[in-house]
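Okay, here's the structure, questions in a sec.
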């Protein structure tokens, strides 16, 4: 019953979102998010659920997307009339086929060997995508017009909002499908094989076969994400298949958190926002992204949701209140430190003209600006050093019953 | 027909022979212990039987069929289960999930991705009763990696017996336990393996003579005797090669 | 409308949460500014080119228009840089952003993939949303199909396409009797292939006795070491090299050729500015020949000289890399003034068949048939002699040796344009 | 043809030995710590950029010494304060960490030096042709590159076989657990090896920077190739790394030199396709075009059929 309410709530949120963010840009970002969520969740089936570190997951996303665009082209040239709502499925099936083929020889081993095969396959396909022009369209990619598809109950999908509802429907189905998969024997065994492949063998299961199934399912949903991409952008390029694209999804899943089902969803939402909004304000956004990623790997091995989950024990014991004061005390110097460091980095990138940051004008050439920011940073750092022990103590008290040591996750 | 039959089994790594021409028969319902000094090849013998390692020569029959060429999961499916000397669990899964995973194949779920685990009443009921039997009821939702040592050993045993396999191999089931824990564990083993064929590797002689109705002695890769506990006690070669070496009760092991 | 703006505010608040909203500082004009989207890479590998182009365009808007009372009765121009990371998908996202913010003109050009994706996306958008149409000013993407088979009413190209440039290049080579053996090398993608094919086809037509001693494609951006390729060029006995390479591939190829002691001219399109001139330095002197619209030296008139000086004063580390950006802006403004509106449809019609005298005093013409601009094309040489405005502050720069007048650059139009009806 | 082949071989050797300087570090680090260091090529890039910056201030030769040392110290710091922290979260986290580090270093390099190619040159004193063969110069700098990389190889061999540290390292490669039991300070050994491996990569960057151009993408161009080599050669095998480095270097060089294409092969078989055939892209392929693909193809094949690599004894 509770689950039903949750899923209904999820559907409701999906319905309401485009009413809140109804600008052209807002809807566009929502579409991007929907695609990213499906993609990141499919990656989680590999790494989070199945323990397979892949550096080439974009292969299935890209192949699914390319096939979907070709399917749309068939409709455009009136060879075949495929309803647009089914295009993502075509992408999914293509992703599934590719995963069945590649999985047949790569899932026998996990760990480094699997990671290296995924890297090799990814590089191979990315490189051949520029050579095999007839399918991949070279560097300008393949483009198709979605509005040629037969109207779906009068909807011609000429507007982004209409595409949003298509994407949201597929998002809902995919999230539900992947969630349910994790609750099936095959899904649970994937966890078992991730933790201890040897033991799974002595319980009657071939670790390779278990991985293969997860791999195929992950490929299928990655293909669906690719198909959604094709519907939304009406174009696929070699860039959708390459290592950078595979890296992106790794970042999403990891920053969001691999342990919990909603982790990658959070990661996908966050990274889409960063990708599509942050670059409007700073050219250094990739540097910040890299820093956030490395710090996450170092201090939050279970990602952002992992950090949230750490609060479960204090929550259950009703001691969350103990943390409010130390959190606030740490957050203030923490935020000041981060903001002043960002200010320094941004200042270093400006050549001329006043640089208005947080409403304060700075001059790139002047030592005063530099020293002021540096002084603020140092003061904030010293303050942070003094508030951190208090937070640590509060943590220890709040989660006293838990045998696990506290996490220094919020140290910037 | 013997449940398990080893004919002339040898195993060597490079030039060093670990096991030499081992013959062994284990009859249905038998409780068989394998003893021997460190490095005698006891664990290797288990690895060969369970398919973790390949025999260099000879053959192994389980219920009359050759299994020495099969991968471990095929052997397990035929009804041969084993435990490990060092607990080998699914660390991030809860105790309940660990046991449920062990029940999936025996209950015929295969690699299904069309059943929802929460809907499978029979499966869940069996898991719960197994939890009960192992005395892990209160630790139901704790990740296996966070269990105390004795609890981990109990779960290890649980994974081995969950499948109600006909033949169960236990590799030092009470190693590292104190006397009280060992006594409880033994009682548990006796209770849950009732009516099944059991092969145990164990250092602790009190355990061995307590539990086994037949004992085989492995010394430097050779099976020098296989007999009833009383006969083994009297066996001169065993005394010379093995019991002659003072082994303090309580079982010190590496 | 009300809902939309409140949503906008919501989205803004979202970014405030990221703590970066205040980085955005837009000076508010007295009159409503005409906002122009500049969708080009501002981060990542290709950012250097996109950034310097933005600076030129932004500076030109202030220098020629805003400081002189604005456009359409006092409205200032505002150039908004939107980062597309040279990707097709991000280009579309930035297009949506521009549309959200009510912008009606998009400048773009770096990277054929992004530009052709944008051209298609804008045509589709305008079709589907007649109420929020957008004009596309392509200042750099040179794939002939953009004004050929894939042309559309909303796309205007202000750079000569690669076939036009190749005509000039091959004319120049054909006129040089010393060149008998030509080696063609390029990046393994559509542009690299198109350049190679065009070079071979045109040389065969113009001087059939010229031998093509090599036609090589190398993977784009993946070559660690060009030496094996250079060895082949040397072994082939070539006395000229044609390449469409750009970026790091151009630098590595150019330096590899000179390092191997091979003294042959290299004919290319993109071998200057944004670090390339500086890196080639002495080794490229008198060897690198660039075919382009944008004449740098000798400086034609004082307007151009003053503009460059003013720009260099404001941006000492940068150069006026692509003055055709200024041409495009001038023609756009002229069309707006002529149409008396910023409505993309009317401005597009006003831009068709427009002639304009640029800041250098040269005449340019926007052909109505395919929206391809025609302007004098130059063959320039990388050198440090006779350079008034060098690039990368290296002392080296491009000096134009040979100019083809506008009329001689005109090629047949292969575009079948469907004009939207109102 | 012969001249092309000789030059291709020479170039292949230079590239191969350069790759070995990187691959040896990756192998050492992997064997001891179980980490495939994605950021290794980034240290190579840092070497080139540091040397470029130093050579502008005090000249090239000091840079040849200082830059690798700086990179080595940086590598040791990364191990001490980064990798060690991540180690508790397991192997996957370590791999992901180095992946993120590579990303970060590339961005940081752009922050300091910008995105354009840097004018990093070999010393003018070496700006001459070592010899000229069939009308083609072999630059002296390439000779120096070859000398440096070969002497590094000899030095490495000496250190590993003749010194105490080397013998401990060798022991740690084959028996990672045993060394700790012998009472050696394993964390410090890790830090030293990581630092030394990074320094080697840095040195490779210094000598390669002037030839292969110094730009922010130079790490990613080389990065994955180094893995390919380490995996093909066999994880944990230095001999394998050497053989695979030379193999990849020569293979690519020869492939480009050969200029053979599918069309030639098909012509040999007497098959021809119409030019508008659906598979036209395939049969128009030439060996130089696919040269960069070969290592990855080899990687996938090796991993399927011989996961321990050519000389390896252990799987992952």
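The chains carry the letters A, B, C and D, assigned in the order they are written, with residues numbered from 1 in each.
Methods note: contacts are C-beta pairs under 8 Å (C-beta built on N, C-alpha and C of every residue); 3 or more make two chains touch, one makes a residue touch a chain.
Remember, predicted model here, so these are calculated numbers, not experimental data.
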**Fill in**
A count of C-beta pairs in contact puts on top the pair A-C
**Complete:** Averaging C-alpha coordinates per chain, one finds the centres of chain A and chain C separated by a number of Å equal to 34
**Item:** Centre-of-Cα separation between chain D and chain B, whole angstrom
**Value:** 48
**Complete:** Distance between the CA centroids of chain A and chain B (whole Å) is 44
**Complete:** Averaging C-alpha coordinates per chain, one finds the centres of chain A and chain D separated by a number of Å equal to 31
**Asked** Among the residues of chain A, which are close enough to touch at least two other chains?
**Response** 127, 131, 133, 284, 286
**Complete:** Multi-partner residues in chain D (2 or more other chains touched) are 289, 292
**Request:** Among the residues of chain B, pick out those that touch two or more other chains and give their numbers.
**Result:** none
**Request:** Provide the full list of chain pairs in touch.
**Result:** A-B, A-C, A-D, C-D
**Interface residues, chain A side, partner chain D - complex** = 47, 51, 53, 55, 105-106, 109, 111-113, 115-117, 119-121, 123-124, 127-128, 131-134, 243, 247, 250-251, 254, 284, 286-287, 289-291, 293-294, 297-299, 301, 345, 348-349
**Prompt:** Hey, which residues of chain A end up touching chain B in the complex?
**Reply:** 180-181, 183-189, 191-192, 194-196, 198-206, 209-210, 213, 217, 259, 403-404
**Fill in**
Listed in rising order, chain B residues that touch chain A in their complex are 50, 52, 71-73, 76-77, 81-82, 84, 88-93, 97-98, 100-102, 104-106, 109-118, 146, 159, 163
**Request:** Flag every residue of chain D that touches chain A in the complex, lowest number first.
**Result:** 36, 82, 85-86, 88-89, 91-93, 95-97, 99-101, 103-104, 107-108, 110-111, 224, 227-228, 231, 235, 278-282, 285, 289-290, 292-293, 296-297, 299-300, 303-304, 307, 315-316
**Message:** Under the definition above, what is the set of chain A residues touching chain C in their complex?
**Reply:** 20-29, 32, 127, 130-131, 133, 138-141, 143, 145, 147, 158-160, 229, 233-235, 237-240, 273-286, 335, 339, 342, 346, 351-352, 356-359
